[in-house]
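Structures for review follow.
After this come two complexes, each holding chain A, first together with chain B and then together with chain C.
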Partner chain A sequence: MRVPPGVTPSTFAAALAQFTQVVGKEWVFSSDQDLALYRDAYSPFLNEPEERWAAAAVAPASSAEVQQLVRVANEQRIPIYPISTGRNLGYGGAAPAWSGSVVVDLKRMNRIIEVNEKQAYALVEPGVSYFDLHQYIQEHKLKVWIDCPDPGWGSLIGNAIDRGGGYTTAAHRNHFDSHCGMELVLPSGELLRTGMGAIPDSKTWQSYKTGCGPWVDGIFSQSNFGIVTKMGFWLMPEPEAYLRCTVAVPRYSDLSPLVDTLSYLESSRTTQGFPDIESPLIGYPPIGQIQLWNETGPPNFSEEHHRLLGGVTQGYSPELEAFGLKSGIPYWRLWLSFYGPMEVIEAQWRATQRRFAAIEGASFKVVNRLELPVDPATIENFHEPELGVPSLRIFSLGGRTPWNPTPSHGHMWFSPIIPRTGAAILEANRVFSAAARDLDMPLFRSFTLPACFWERCFVFILATPVTADPATNKRYREGFKKLIEIGGQHGWGEYRTAPVFQKAVMDVYSFNNHALQRLHETLKDAIDPNGIMSPGRYDIWPRHLRGVKS
Partner chain B sequence: MDRRQFCLASATVLAVGSAAGVLAHSQTAPSLVIFDSRFAAGRAFAVAAQRRGIATVAIRGDVTALWRQRLNGHWARDGGAVAGLSTRASLLCLEQMARDHWRQLQSRELLAAGLVSWVIARG
Partner chain C sequence: MSGVGCRARRIAIAGIVLGAMAPLVTLAADEPPDAHAAGRAVYTRWCAPCHAVGVTHPGTNALTVKYAGVKSGVLLEWRDLPAPVVAGIVRTGIAVMPPFRKVEIGDAELDALARYLARNTPGS
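Take a look at the complex of A and B:
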């Protein structure tokens, strides 16, 4: 029997017996075979002693059962680690931050409590996946869309409280921002509802986010202060139409005005869809087409084009630019999506073109013009999440293809936030590519473009492979931490990370002698004095583990 | 025959052998077989299953449609063990999705050319 650190076998056995009384024997897991399900499939410690394992897992079916489990954990001082579906591969999966914790697996709590079509919101439990909610909406013929990440197998709640992102409109892509109201179980076992949900029989829990007084929802994301058992989300009314367009610009120096114009248009809500920047000249794909490139290979470049690419620095050479101008291959291409009534989005597209026309040589194209809804076969020709449809197709990236002959054993996402400027893209490439070369890391080896999941900033989402070789993995882990540190030195920080890197990431958030971390610890001590809940998550440790943690 | 053809041919032979083992295994006798139809080994695996009267479903790497149209319902109805021959990436997806229904990988055999045969069932 595995046992949590600092807990005697007899105490743990007693706790498991109490857990069993709460949820039944069938829903307490302690065999190695069952616990293997809670390993991180992409662990950077693949098959090493430091890999994080659960000591047991327990699967409640209701908020009331969660309350009882938490009370037992408090009584017996058992560390617990809640997961929704545990699918955030690349950011830690289902494995606990503190090895030996008991995973509280919430996927039996899979009720879709309400989908309100007129008000466009849903209230769900943690075990509800994007697939589940999408299927429910389809079966009930409701005229609302979800916004889902790629892949769409995860939990709405899990992804939102890990602050994940999606691909439709700016108002919905930020999954934490698009939530409205939580129910959660505090480490004491007390049940809490936030926002308007604090009013008994509230009529506006999913309609008004903040309620009155301090708005506390944020402290329950990327933290260890409570177990979210219900959460509301604002959905998108099914749009009447969809436009997918491109803006292409010819010169390297056009990147800055391209980004600045995009920022204006997005901040003014002239464009709403997921902006996706590619470089046809450098051969860097838009995110929406990465899986297609992996399946069928990149576009065929001419011999001259290939030769010129070998001579670029920071994605640039005068010769490559001249070749692009001569051949009509744009340096940059921006993909834009519009959702709404056709006459409205056509007008938005016209206004968008007018703004970008200030860039000399800018050219425009409508790639798709759809009256919605469309049939599933049509959707398969698109990057499905941009049409609000969950998919697993992104996993073709991990598959062996002629273009990917040696797939990895997983990856760790390196995902720093940088300013929404062209200059920041160039600066980040300069800094990280030099560092990656020095560290012999397989990132930023060629010019790299960031993503636009969130308004007002860019984020790089770059996979560092996990290999079968522990020595290589160790080198990558150390290099990853160094990249985090270097990012911090330039004022950039990760938006999210796997447990193994959470200390390194939070160390970067060090303003005024780590005032933020000290506040987190003050909150931890007040809310969870016995330190039972997710010890170490985002480097928030209970008092008794500070200084002794691994 | 080049090296790639050799590996694929070897995988096909192994697939038939693997299928015989997997499909005949009494404790995890599958009621559904998934195969990646892009590979000869996958098609051979399916033929072996069909000869035993087992329903088969083809995929081409992506398992989204399989999940939506077949597998989610199959496991929700407690439809029994599922065997298959696929890429590792497809298996990773299915292994993760199986957890939603408290199923897990019961056996796995690595074949040539990056393919794998497997059985997912209740523990």
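Take a look at the complex of A and C:
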């Protein structure tokens, strides 16, 4: 029997017996064979002593059972670690942040409590995946869309409280921002509802976010102050039509005006869909087509094009630019999408073209014009999440394909937030490509373009592979931490990270002698005085472990 | 989407709403009982998004490359897939495919899935 650190075997056995009374024998797991299923399949410590293991796992079916489990954990001082679907691969999976914690597996709490078509919201439990909610909406022929991440088998709640992102409109892509109302079990075992849900028999829990008084929802994301057992989400009314368009510009120096114009158009809500920047000339795909490149292969370049790409620095050479101008291959291409009534979105696209036309040589194309809804066979021709449909196609990234004959064992995402400017793209490329070279990490194509999941900023995503070789993984882990530190030196910080790197990332958020981290600890001590809940998550440790484990 | 696929999807939906995966299959009087209804439902819910036919399925792509010239990359077409191999890979994962927990695919469901995928394998 595995035992949590600091807990005696007899105490743990008694706690497991009490857990069993709550959920039944079938839903308490303590054999090594069963606990292996709670390992992080993409752990950067794969098969090493430091890899995170659970001491047990327990799977409740209701908020009431969660309350009872938490009360037992509090009485017996057992560290617990809630997971929703355990599918945030690359960010920790189902494994606890602190080895020896008991995973509280919420997958069985899979009720879709309400989908309100007229008010366009859903209320769900943590075990509900994007696939589940999408299928429910299809089955019930409801005219609402979800916004889902890649891949789509994760939990709405888990992804939102990990602050993940999706691919439809700006109002929905930020999954934490698009939530409305939470129900939580606090470390004391007490049940709490936030926002308007704090009113008994509230009529507007999913219609007004903040209620009255301090709005506390944010402290329950990327933290360890409670177990979210229900959460509301605003959905998008099914749009009447969809336009997918491109803006292509010819020169390297066009990147800055391209980004600045995009910022204006997005901040003024002239465009709403996921903006996606590619470089046809450098050969860097738009995020929405990465899976397509993995499935059918990257574009074929001419011999001359290949040769010129060998001579670029920061994605540039005068010869490559001249070749692009001569061949009609744009340096940059921005993909934009519009959702709404056709006459509205066509007007938005016209205004968009007018603004971009200030860039000399800009050219425009409508790639798709759809009257919605469309059938599933049509949706397969798109990056499905941009049409609100979950998919697992993203597993072509890292998986075996004709262009990737050696699949990885997983990956870890290095993903700092950088400013929404062309200059920041160039600086991030300069800084991180030099670092990757020094650290001997295989992070870079010749140039990397950032993602636009959230308004007002970029996220500069670099995938670091997890291999079967511990020595290589060690080098990559250390390199990853160095990248975090280098990012911090430039004023950039990660938006989210796996437990292995949470201390390194939070150390970057150090303004005024780590005032923010100290506030997190103050909250931890007040809300969870026994320190039972997810010790170490986002480097928030209970008092008795502070300075010992972190 | 075939009629079988649609039916299996409805079964999965019933499972979500009721919090159980009991296969609620209604058969016409003259239709033979489907010995693999439960296994097919598990396959449709958990495996098909990666392993169904076509280039948009990364599991199928991976197996197509791995077994090029040997056999199809489509799991449902395999004739050499013993049930214990299915059960083993679902619980251990392979390459970028993670293992599946018992709250996702229970032991009885895994058994049904393994028998379904092994249905064309001699000796299974």
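The rule we apply is simple: the second predicted complex is superposed on the first by the 548 of 550 C-alpha atoms of A that agree within 3 Å, B and C clash if a C-alpha of one lies under 4 Å from a C-alpha of the other, contacts with A are read in each partner's own complex, and residues count from 1 in each chain.
Throughout what follows, a residue touches a chain if its C-beta (ideal position, glycine included) is under 8 Å from a C-beta of that chain, and two chains touch if they have at least 3 such contacts.
This structure is a prediction, so every number in the text was calculated from the model and none was measured.
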Practice prompt. State whether chain B and chain C clash or fit side by side on chain A once the two structures are superposed.
Written response: clash
Discussion item. On the A-aligned overlay, A:A61 touches which partner chain: chain B = first, chain C = second, or both, or neither?
Written reply: second
Worksheet item: Between chain B (first) and chain C (second), which, if any, makes contact with A:T296: first, second, both or neither?
Response: second
Practice prompt. Could you figure out whether chain B or chain C reaches more residues of chain A?
Written response: C
Worksheet entry | First (chain B), second (chain C), both or neither touched by A:E139 | second
Item to complete: Based on the superposed arrangement, let me know which partner A:V216 touches: chain B (first), chain C (second), both, or neither?
Response: neither
Discussion item. Under the stated touch criterion, which partner chain does A:S408 make contact with: chain B (first), chain C (second), both, or neither?
Written reply: second
Practice prompt. In the overlay, answer first, second, both or neither for which of chain B and chain C A:I112 touches.
Written response: second
Worksheet item: After lining up the shared chain so the two structures overlap, which partner does A:W153 touch, if you call chain B first and chain C second: first, second, both or neither?
Response: both
Discussion item. Is A:L325 touching anything from chain B or chain C once the two structures are fitted on A? First, second, both or neither.
Written reply: neither
Worksheet item: Counting only touches as set out at the top, which of chain B and chain C does A:A198 meet: first, second, both, neither?
Response: neither
Response to the item:
On chain A, the footprints of chain B and chain C overlap at residues 34, 36-37, 41, 85-87, 89, 107, 131, 135, 153, 295, 391-393, 395-396, 398-400, 407
Worksheet item: If you look only at chain C, which of its residues touch chain A in the complex?
Response: 1, 9-10, 12-13, 16-17, 19, 49-50, 54-59, 61-62, 65-66, 91-93, 95-104
Fill in: Contact set on chain A toward chain B in their complex
33-34, 36-37, 41, 85-87, 89, 107, 129, 131, 135, 151, 153, 295, 384, 390-393, 395-400, 407
Practice prompt. Name, in rising order, each residue of chain A that touches chain C in their complex.
Written response: 27, 29, 34, 36-39, 41-42, 57, 59, 61, 85-87, 89, 93-94, 105, 107-108, 110-112, 127-128, 131-132, 135-136, 139, 153, 291, 294-296, 376, 380, 391-396, 398-402, 405, 407-410
Worksheet entry | chain B residues touching chain A - in the complex, by the definition given at the top | 61-64, 67-68, 72, 87-90, 92-93, 95-97, 99-100, 104, 113-114, 123
